[in-house]
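Note that the chains are named A, B and C in the order they appear, and that numbering of residues resets to 1 at the start of each chain.
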Amino acid sequence: MLYFIEQCLNGIQLGMLLFLLAAGLTLVFGIMDLVNLAHGSLYMIGAYFAATFAAWTGSFVAGAVLALGASLLVGMAVEVTAIRRLYGRDHLDHVLGTFGLILFFNELVRLIWGPAGMTLSLPSQMLSAVQVLPGVYYPVYRLVIIITTLVVALLLYVLVMRTRVGMLIRAGASNREMVGALGINIKLLYTLVFGLGAALAGFAGLMQAPILTVQIGMGENILILAFVVIIIGGIGSIRGAFVASIIVGLIDAVGRAFLPDLLRLFLSNNAASTLGPALSSMMIYMLMAAILVFRPEGLFPAANR
Amino acid sequence: MTALLTPRNVFIVALIALLALLPVYALLTGHTFIVTLFTRIVILAMAAVSLNLIMGFGGMVSFGHAAYIGIGGYVIGILAKEGIGSGFVQWPLALLVSGLFALSVGALCLRTRGVYFIMITLAFSQMIYYVAIGLDRYGGDDGLTIQKRSDFGAIFDLSDRTRFYYLCLVLLLITVYLLRRIVNSRFGLVIQGGRSNERRMRAIGFPTFRYKLICFVIAGMLCGLSGVLLANHTNFISPAIMHWTRSGDLIVMVVLGGMGSVFGPVIGAVALLVLEEALPYAIGFASYLIVGKEVMGAREYWQLILGPMLLLIVLFARGGIDGLLMRARRD
Amino acid sequence: MTDALLSIEGLTKRFGGVVASDNIVLDVNRGELHAIIGPNGAGKTTLIGQLTGELAPNAGRIRFDGADITALPVYRRSTLGLARSFQITSLFLDFTALDNVALAVQAHDGHSFRFWRNARSETGLRQAARAALERVGLGARAEVMVANLSHGEHRQLEIAMALATKPRMLLLDEPMAGMGLEESARMVGMLRELKRELTILLIEHDMEAVFALADRISVLVYGRVIATGAPADIRANPEVRTAYLGEAEAAHG
C-alpha cells in the first residue's frame, strides 16, 4: 500500500513534467497551428543550460533561473529565424522543417558540449526524503518538482485567463486574422508564445535533469508522450493537457510497478516477466487508442478548430 | 522516340544502370564494402517507396512507417531464434504480421486526419518500439542476432553478398513497377482523389475509409518486406530501427527524392547517401579554404548542415530532386 | 403512394444555443424543380449539410423515395441517386476536367478494388465522362487542368460531376454563385433542359433564375419554412415579401 502511494506520487511527478512539455506544445499548436517536433530539443537545451550554469555559478537555483532565461531567448531566436517561415504551410512542411531542427540541435549540442552528456547535482537540502504520510517517505526533490510545476500551472492559468496578453492568446487561438486586423502586433505575440513554450520545455528539462538525464536526443522519447497527452487531453486545451498529463503519468508509473505482479496472478512467472514491461509500456497508447475511438476530439476539446 | 529522352528519364535509366553495374565495379576495384553499403540503400529505398504510396499519393503523412521495418525484421529474428529458419515460412509470415499490424493501426489512425494523424502514427510506432525493448527473450534493447539468413534451400542462397544485393535490387524494381500500376489503376485514382479532395470523393459516392485502409495495409506489407531484407542483410534486428526518428529519415528520403512519382524516393535514398558521404568532404574542403587547413572533425558535423538544408528544401524545393528534373523538361 | 421523391420531416438542428434548422417540413415531388430561397443566415447551408449527410440532425427524418436515409453516411446517399453540387467549388484541382468527371463515373461503376489496369484507359468510364462534359458545355475543355479553368467553368464542372453519378435527384447549392449575366443565362438554359428528366432541389439567391425555373418555391427564414407554393403565390405572399423579397426587389430594382 505504501509502495502504491509512492508510485502514485511518482506518477503525479511524471505527469507534472509532461504537463510542462504538453502545455508548450499545445499552446503553439493551438495559436499558431504549428506542429513543433523540435519541442523536445528545447527541453534538452534547458537541461544542458542548467547543468552548465549550475557548474559556473555553483548553485542549482541560480543555474536553473539562468537556464530558464536562456531557454526563453533561444526559443524566441528560433521562432524569428526559422519557425515563422513555416506558418500557414501545411502540416507536412511543419513536420519536415522542425525535424530538420532536431537534427540541427542534436549536432549543435554535440559540437558545444560533446557527445558524453552531463550531470546536474542537487543542493544538499534537497537530497533527503520527507514524510508525506504516516510511513510514507518521499524524496524532497520530487516533491519540489510537483509543487513548482503546480505553481507554474497556476501562473499559466492566470496568464491565459486573467491578463490582457492571455486574452490576446485566446483570441488568437480562435481567430488569427481578426486579431491581426485589430492592429495587434501578431508577429510579436507569436514570438512571445513560442518563447513561452520554449521556456516551459526548458523548465521541464532542467527539473528532470538531476533525477533522470542530460544527454543528446533526450527530447525525442519524451516528446511522444507529450503528443499522447495532447491527443488525450485535446489539442489547444491547457486544462486538457493538465488532466491528461496526470492520467498518463499515473498509468505509466503505477502500471509499470504493478502490472507484472498483476500478470503473475494469471500467467507463469516467466511469461509475466517477459510480457509485463512490454504491456505496461503499451498501456498509455491503448488509452490513446481508446480516446480516438470513443472521443476523437479529446477530453477537453478547445473551442473551435 | 525523342519525347521519351527527357532529362528525367535519362537520369532514371542511368541511375538504374549504375545500381545494376555496381557489383561489377566493386569486383574490379576490390571495394566490396560498396555492395554492402548499397544493399542497405536499396532496402531503405524500398521502405521509402512504400511510404510514398500512402504519403505522396494518398496524402497520409505517416510518421511511424519505420515500425514496419522492425516488424518484418523481428518476425524473421524471432522465428530464427525459435528454430524456424525456412524462408518459405518466415517471409510470408512477416508480410502477414506487417499487414495485420497495419490493419489494426490504420483502422484507428485513419479516423483522424492532418496533424492528429501524424501524431498518432508517431505514437503507435513508439509503442511498438517500447514493446520490442521489453522483449528480453529476443534481445530487448540490445537487439537480436540472427545466426543464419532465411533458408530457401536449393532455390536461392542468400548468403552470397552479390547475389543478395541483386535480389534486393530486383525486388525494389518490381516494387516500383507494381506501385506504378497500382497508382494509375482504379484503386490508385481513388487514393489520389482522396488526397486531392476527400470531401468530394465521398460526395460522389466513394467509401473512402476502406480504400485508405487497404492502401495503408499494402504500404505496411511492402515496408515489412524491406524489414525482412534488412534483417537478413545485417543478420541483426534491434528496436532502434523502429524509433520515430527513423521514420523521419524515411520521410526525408521521400521528400528529397520527390513525392510526386513512384521512383522519386529511390532518388532520395541514393541522394541521402551521397550527401552523407559528400557533405563531410565538402565541409572539410570549405574549412580548408576558409581557415587554411582542414579543421579537425569538421567533417563529422555534416548533420549540422543537413538540418537547415531540410528546412530550405521544405521552403523552396518541395518537389524534391525529381520535381526539379521534371521541370527541366519544360525548359 | 406519395408523389414526393425527397421528404423532409421535422428536421431540427441546433448548434449550442442557436437553432439553425427549426422543424423543417418540405417535400420535393418527382420531376419537379423545387427552389429554396431565403436571406443569408436562413440556414440553407445547414439544411444541405443534413440532406447530404455531412451533418447529423438533432431531430427529424429525411426520406428518399420512401426510404429513411437520415442516418446514412454521405457516400451511401450518392449511391442511392442523390447527387449534389457544392456552393464553394470543390473539385480535384490537380487533375483534368475529364479525370474529375471520370472519377464520378467510376464511383458508380462497380467497385474500385482493381489494382492493375490503367483506369484512364477504360473507355467506358472515359466516354461517359466526356458525355457529361459535353452536356454542360465543357466538351472542348476536357483535357485542361481544373486549376486552370475559369470560375464559371468550375461551376459547370460541378454540375457535370453530379450528372456523371447517374442521379435521380440533384441537390444544387447556389450553382450560379459568382457568375456573370451570360454564364447565368447559359446555366438557366441547361437547368431547364435537365429539369425534364431529373428532380431538382435548387438553392439559389438569383431571383430571376429561380422564378424562371421553379415549379414550386419554399422560403426559408431563420431555419423555418415560412411558405411553400407556386412562384406566383410566393410572389404575392405578404409574409414572404416582408421577410425576403422586399430586400431582393430593392436590389434588383
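Definition applied: contacts are C-beta pairs under 8 Å (C-beta built on N, C-alpha and C of every residue); 3 or more make two chains touch, one makes a residue touch a chain.
Computed from a predicted structure; not experimentally measured.
Of all chains, the one whose Cα centroid sits at the greatest distance from that of chain A is C.
When chain centres are taken as C-alpha averages, the shortest distance to the whole-protein C-alpha average belongs to B.
If you average the Cα atoms of chain A and of chain B, the two centres end up 31 Å apart.
Each chain gets a centre from the mean of its Cα atoms; for chain B and chain C, those two points are 44 Å apart. For this pair, chain A with chain C, the centres built from the Cα atoms lie 49 Å apart.
Listing the residues of chain B that touch chain A in their complex gives 61, 63, 108-109, 111-112, 114-116, 118-120, 122-124, 126-127, 130-131, 133-137, 243-245, 248, 251-252, 255, 301, 303-304, 306-311, 313-315, 318. Of all the residues in chain C, the ones that touch chain B in their complex are 52, 54, 73-75, 78-79, 83-84, 86, 90-95, 99, 103-104, 106-108, 112-120, 122, 161, 164-165. If you check the complex, the residues on chain A that touch chain B are 29, 35, 37, 82, 85-86, 89, 91-97, 99-108, 110-111, 220-221, 224, 227-228, 230-231, 235, 273-279, 281-282, 285, 288-289, 292-293, 296.
Residues of chain B touching chain C in their complex: 181-182, 184-190, 192-193, 196-197, 199-208, 211, 214.
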